[in-house]
Amino acid sequence: MAVYKKTYRPYEGELTPSRSRFLVVTRYAFEDLHRSRFLNIFYLASFLYPLVCALIIYVQHNVSALGLLGVEGANRLISINVTFFLSLLGWQSMLALFMAAFVGPSQISPDLANNALALYLARPFSRLEYVLGKLSVLVILLSLMTWVPGLLLFALEGYEEGWSWMSQNARLASGLFLGAWIWIVVLALLALALSAWVKWKPAAGGLMFGVFFVAAAFGAAVNNVERTHWGHLFNVSYLIGSIWVALFEGANKTTNGAIFFRSPQGEELPLWCCWMVLAALGLVCLYMLTRKIRGTEVVR
Amino acid sequence: MSGAAVSETDIVFNGVSRFYGEVLGINKVSLTIPPGITSLVGPNGSGKTTLMNLMAGLIRPTQGEIRVLGIPPDHPERLCRILGYCTQFDAFPKGLTGYQFLYSFLRLHGMSDAECESRTLVALRLVGLADAAKRPVAAYSKGMRQRIKLAQATVHDPKVMVLDEPLNGLDPMARAEAIALFQQWGAEGRHVIVSSHILHEVDRISDQVILLSHGYVVAEGQIQGVRNEVKEQPMQIHVRCDRPRVLAARLLQQDNVVEAKLNPDGQGLLLRTRDADSFYLLLNHAILEAGLKVESVAPADDDVNSVYQYLIGGEGGTL
Amino acid sequence: MEPVIELDGLEVRFGGRPILKNLTASLTGRSIGLLGPNGAGKSTLLNTLLGFHAPSGGTARVFGRDIRTHAREVRGLIGYMPENDAFIAEMSGVRFVRLMAELAGLPRGHALERAHEAFFYVGLGEVRYRALGTYSLGMKQAAKLAQAIAHGPKLLFLDEPTNGLDPPARTRMIQLIQEIRDRGDLRLMLSSHLLRDVEECCDEVLILKDGHIAAFCNLAEERRSNRRFLELETRGENNGNFLAAIERLGCQTAAGAQGRLKLVLPEGLEVSRLYEIASEQNVQIRRLSHKRDSLEDIFLKAMETADGRL
């Protein structure tokens, strides 16, 4: 008979490829998020609007369905145009803000609360990989909420309408894609920076909303007092809206931005200003992250 | 009062219990602590900090009475003049420098500005922080923080010093200096109450020891005395020599030797005996008659460590 | 033995202020102790070898890999047990160690197996599914050790491993460390303020002071050369005569701590002579041991050297 003793064995096996190791962080974060029933439900609920849109597109092109609705002949119930897609983007992006505010705070602060980051970085794992891993969590979640359904709907409409429609309206697709990405990057960086700096999770979530609504209110106040439009620079939703309008329509503006992301005509600011402010915001967030994410603190 | 005389030179606990809701802190503790260095020893959670907090008047007992040099702890205006407390945890008012920390707390005692200043400087020099006094406490290393806490507890020259793990984080030289300081205070007739996990240091410095476990005092007094009282366990002696079997054979011939255990490496012997004095004389003879080369002889349970093992054992351990 | 760590004129500065100055040494023991007063640079040295600080001059090699060019590889070979708390409160013990092992490059299945093994090895088998935030201090220390060994490193950095542990937990931690040392395939670097811990666990000792190497010695050799120094505790009516008798034999004596007697045996004199005298005089020799404080003396001597240089 053999008796086995529990002992330490060295590891002689294979290692996982170094380049994709940051995804370990992402995978664990998703496993943790999955445990929250609220988040699961919220996430599923966020697909309602795209689903309704898909139905609308389907109904538009399905004569028998139209007949059912009793509106023969009027085959343009709702026009599938810029406004349609901008509304989709706007609505989903607002939901994305909520998602980031729920998910963001719990990404980095638990690792900093008890100094676990020192252990992360004591492994063949760099700060960049850590941030990339955490960013991926938000990027994947928010992408699936915004441009992925958007592009799918675009493809659906294109399938119904034909290739010429698609090439004519290619701007819609690129606008959806790029517009969503800009919003995702801003949200993700902001969420992570707040998570790294603010320990109490509800406070971090609240600050996410604060950055948008409070700053917007401040901008509106500036506008009123100074009788100018430059206060809009504080209003991130305005900035995003302006950029979206530019992406979707170029020079011929017909819309006022998207729902929640209003960019009223007549109150425009130069586009490069909008880009600058957003870039500055992103850089500030990156700086905040680099300050907090280190292996060890040096106290002078 | 329950009839015991109130001693002006001792710290007296009389049937003291302290509960936190349902949770037990300490139960029915009766102690008299004379001047000198007294060590509190016990696993984490055994009631050491509770005992210290009770002594310092920070919490009140649920039952029983405490007198510190005749003063009850619910008179802080009298107690805090003669007692200094160095806690286990790191907590400082923000923004103060080392000097300010000591000075401001000293002013609360009502001393004049000049006196506070001189005492502060003396205390800073005593703990070796005279150069770092002008820097904020938040920038201190762990060892320096420990030292400023110690200074703060003793700057007002108290008669009773309650120190909770005071050597934590100190490097070997600072430890030796602090120990020398405690010994000096003990020799001056102060009450120095130290809690520590490092048993060989406790052995070296204490005059008496209090062992706690699960909120009960399991033993108290001088270590040798405590050991002798634990009569169920025969004394253990460890002998390292070149032919332990021969030694074992000879020793087992006497009936006060109850057990002889060979070391796994074959070079030593662990013996248990009921009568230490006759055993040692016997040992001497046995070694000479057999012509053995002895490497070392050591009582294996003459210290806090072994008493701890017997009385508290591994129960408190969490590994 | 193959050198574990080679320091080659290593220099580290923080904002212009030199912390480590021109360190050069070759460490080959199974278990290396790192000692020194606060501020001597022990943590900085460990952090530099881990790659948290970039050296401003010189370099160091761990198992032959240069820390400047192969930092990532070096980190894969090291397991780090920091002095401070390091855990994620909401995660269970096993999940945390699994995460750490996967980050070190282990595939999923192996990481999970080894996480469980590590927990049993450090004695936390019963509590491995509980959240780390609920662990007591001793358990947290053991969990830190578990995460350090789970990915099978070749070198362990242990920073104050017995910090805050009560006596039985300390004993168990020291036993674990000694077990690891005795295996031979996992080397150790132990940084501690407790000289006894270092004495019990380490073969070689590196003493730092003010960023220099104040001393570097091999403890096993030190112990071998201490055969002539004895400490005696006696009891009997004729203690004074006993003392006189052994002095006549040529021993130098001195009073030691706790009423014991320290003496130096001259060449040629054996311990059995002492026993003969004791027997003649009816004196019990209650305690006989060879000098134990070698490390304390070495340390104090190192601290006294004028500018701490070797």
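When the chains are written out, they are named A, B and C in that same order, and each has its own residue count from 1.
Note that a contact is a pair of C-beta atoms (placed from the backbone, for glycine too) under 8 Å apart; a residue touches a chain by one contact, two chains touch by 3 or more.
None of the values given here were measured: they were computed from a predicted structure.
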| item | value |
| --- | --- |
| Chain located farthest away, centre of chain A as origin (C-alpha) | B |
| Chain whose averaged C-alpha position falls nearest the assembly-wide average | C |
| Centroid spacing, where centroids are CA-atom means, of chain A and chain B in whole angstrom | 59 |
| Averaged-CA centre spacing for the pair chain C and chain B, given as whole angstrom | 24 |
| For chain A paired with chain C, centre-to-centre distance based on mean C-alpha positions, whole Å | 50 |
| Residues of chain A touching at least two other chains | 300 |
| Residues of chain C touching chain B in the complex | 35-40, 122-124, 136-139, 141-142, 163-173, 176, 193-196, 235, 257-258, 270-272, 275-276, 278-279, 282, 284-290, 296, 299-300, 303 |
| Interfacial residue positions of chain A with respect to chain C in the complex | 6-16, 18, 21, 24-25, 28, 32, 110-111, 113-116, 118-126, 294-296, 298, 300 |
| Chain A-touching residues of chain C, taken from the complex the two chains share | 14-15, 47, 50-53, 72-73, 75-76, 78, 80, 82, 84-90, 95-96, 99-100, 102-107, 110, 114, 117-118, 120-121, 147, 149, 151-152, 154, 180, 183, 185-186 |
| Parts of chain B lying in touch with chain C, wherever the complex brings them together | 41-45, 141-144, 168-175, 197-200, 204, 276-277, 280-281, 283-285, 287-288, 291-299, 305, 308, 312-314, 316-319 |
